[in-house]
Amino acid sequence: MEDYWGTDRMVAFSDGVLAIAITLLILEISVPESAFDDLWRGIADQWPAYLAYVTSFLTIGGIWVAHHAIFRRLQYANRELMVINLLLLMVVAFLPFPTKLMAEAIHNKDAARAAAIFYGGTLLVISLLLSLLWGAVARDRRVLNPGVTEKEINAIALAATPNIGFYIAVIALAIFAPRIAVFGYLVIAIVALLRVRGDRAAGPTTTTA
Amino acid sequence: MEDYWGTDRMVAFSDGVLAIAITLLILEISVPESAFDDLWRGIADQWPAYLAYVTSFLTIGGIWVAHHAIFRRLQYANRELMVINLLLLMVVAFLPFPTKLMAEAIHNKDAARAAAIFYGGTLLVISLLLSLLWGAVARDRRVLNPGVTEKEINAIALAATPNIGFYIAVIALAIFAPRIAVFGYLVIAIVALLRVRGDRAAGPTTTTA
Amino acid sequence: MEDYWGTDRMVAFSDGVLAIAITLLILEISVPESAFDDLWRGIADQWPAYLAYVTSFLTIGGIWVAHHAIFRRLQYANRELMVINLLLLMVVAFLPFPTKLMAEAIHNKDAARAAAIFYGGTLLVISLLLSLLWGAVARDRRVLNPGVTEKEINAIALAATPNIGFYIAVIALAIFAPRIAVFGYLVIAIVALLRVRGDRAAGPTTTTA
Amino acid sequence: MEDYWGTDRMVAFSDGVLAIAITLLILEISVPESAFDDLWRGIADQWPAYLAYVTSFLTIGGIWVAHHAIFRRLQYANRELMVINLLLLMVVAFLPFPTKLMAEAIHNKDAARAAAIFYGGTLLVISLLLSLLWGAVARDRRVLNPGVTEKEINAIALAATPNIGFYIAVIALAIFAPRIAVFGYLVIAIVALLRVRGDRAAGPTTTTA
């Protein structure tokens, strides 16, 4: 019997970890004091760090939206969901490390390749865990809110699929052109945010503008 | 249809990011061990770091109040609000970096100019994103809570405007007098906090003191 | 009219800042790699860091309890409460800095004196701000929940007073015996936690153990 | 009378501290720039840091689940629970420090022994505090939610016991084989997560998959 949990504290804890991981990203950026004589140039030279910051910030933002879309449809979590969610948070909280590596390695061609593949691999694992999370929901529909339709279940499952393909493609690209791949990850994050679907129709209020 | 979100988790996530960004500011302050022989002087020498800390703390505090004033009037968020809010959080979470630069650069005149302009530019972008956020609300009034009046909508839109002008003025000042500009940012933050308006009238309890 | 706020998001934001400030304290503790040949000794040598960690952790824990005791009695916040609460959070979020200084300075007598006074001064300012916060409540009782009695108002006002006296006494002690004063701050934190009063009577369930 | 607290803000504060402690773990991992010429090897060389990261992440995840299981059964907290919970959070927030030590010390046999014992000792103290927390509940059953049965109380008390034994066993192992002990802590964390029990039966919805 006692094999289910309410989702309130899981959502609060997940929001906490995602909010902290997204905010810690900035701690890795700094301008060395030696660059203070020409600080504008010193600031500009950090562009790989800004690129990595924006990419990881928007990626985690998209993960948060996807996580939100899944959990607002659940009334319970089973053990499998609890464990997969914890693994998902573990890999998202790991992301500041490959983010920093990618920012630091961009000026060294061999290191840039390794860092871009490592970064993409981390994002690929996150995408796979999000798919697994929804797969676990689909296997035990007792966890769902009563109103969730078969159509919604399939729509969410499909929404996760393209990202997995995109990440594999950009990781392959990183082998030959690591610096272009870095922009590829940014494009995936932006496209994912533009593709997100709201979770409810607007209320009865009519448009006035 | 499914183009709207509830705002509960968006508010929780935003509060998390703002609370973390405001608290991380302290991590950048330290006294070098070489200053331990005269620690009072070592502590006093860090005044630019304290000034930058207080300025950024009160500025983020004011952003939090303005964010609160906007979101408590929303019952839904549309895609545009979701994306603008994420960009807003991204720039606020970026603020510890220009804060640190401004604290470190204050003793070098050229670097102080660059750092003060860079810091002000970040605050200007934040103000513009707050205006954009409210503009997106004004364009799709289905997202608003039923009770919100036209008068309130205009009042909030107007409340954001002066800050944009003030930041442009202080950034211009920073070109000639960067150190004075740093105090200017602090004054803007204090004035913004003193100008904030509560979000409801007091209840039926009568004043007894 | 619009001069009051609901307290829900203020409490959530304050909890966030307090939880982060209390958790960041650990980041300052580390054992230098040169001490790895005799790591037990290296770990033991960090005792001032542990002492400072425990003192600041329990102190912030006590601040959190006192903050809780105040805010659960409020149904609104006015502008004064909003500003004082933000200043309070600003000084609590500052605490990791004097904590680190006190841990590092303990082996240098002159530096230890300065660091212990600076640390105590920060705690004194926090106590004064907590008193100010409650004073602002007492001046505008429209913000209180209906059920709060005059007796409770005075009890909370009195509860804050001894800490102010204790901090002044230990700061004075720090001038002559800084290392003893460090333990004094710990004792104040423990006593404050043991003196806290619950916020409600137990429910109708009877004791069975 | 006033000797009890509601648990809402305690749960929010605890979730905050646990989420932050679990997310800060990543800040300690980095690859030295000297390893950028062969970055794949540099990344691989950090395996002790990944092992320590995963172990501490899953351990804190298990603590969070256990904490959840306790607090969802409480309607009040008494002073003892308040203090024990704060001590528990203090030791969990301390965990990033022994985690870092264990990752750094693994290549030095003597240091690895000290670090593995110190890490295990911290986890043992956490387990004991969790037991104490539940013991305090069992001593004052007025704090429990009305529906909690004697059977549940005993089940929770028993659930905590094996971990204490496991930690003592692995700490003893660490004296002779510190590197194997590190994997032992990971195994305990995984087993604890697989053993957790849900907190409610599934709702009336029938299984459809």
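The chains carry the letters A, B, C and D, assigned in the order they are written, with residues numbered from 1 in each.
Keep in mind that, in the parts below, a residue touches a chain if its C-beta (ideal position, glycine included) is under 8 Å from a C-beta of that chain, and two chains touch if they have at least 3 such contacts.
Not measured: the values here are computed from a predicted model.
S.K.: Most remote chain relative to subunit A, going by C-alpha centroids?
M.R.: Taking each chain's C-alpha mean as its centre, the farthest from subunit A is C.
S.K.: Taking each chain's centre as the mean of its CA atoms, how far is subunit A from subunit D in angstrom?
M.R.: Centre-to-centre distance between subunit A and subunit D: 25 Å.
S.K.: For subunit D, which residues are shared contacts with two or more other chains?
M.R.: Where subunit D meets two or more other chains at a single residue, that happens at 12, 16, 20, 24, 27.
S.K.: Make each chain a node and each touching pair an edge, then name the shape: line, ring, star, complete, other.
M.R.: Topology of the interface graph: a ring, with each chain touching two neighbours.
S.K.: Where on subunit D does subunit A make contact in their complex?
M.R.: Those residues of subunit D that touch subunit A are 11-12, 15-16, 18-20, 22-27, 29-31, 33, 36-40, 43, 53-54, 57-58, 61, 64-65, 68, 72, 193-194, 196-203, 205-209.
S.K.: Spell out the residues on subunit C that touch subunit B in their complex, using ranges where they run on.
M.R.: These residues of subunit C touch subunit B: 1-6, 9, 12-13, 16-17, 20-21, 24, 27, 75-76, 78-79, 82-83, 86, 89-90, 93-94, 96-97, 100-101, 104-105, 108, 110-111, 114-115, 118, 138-144, 146.
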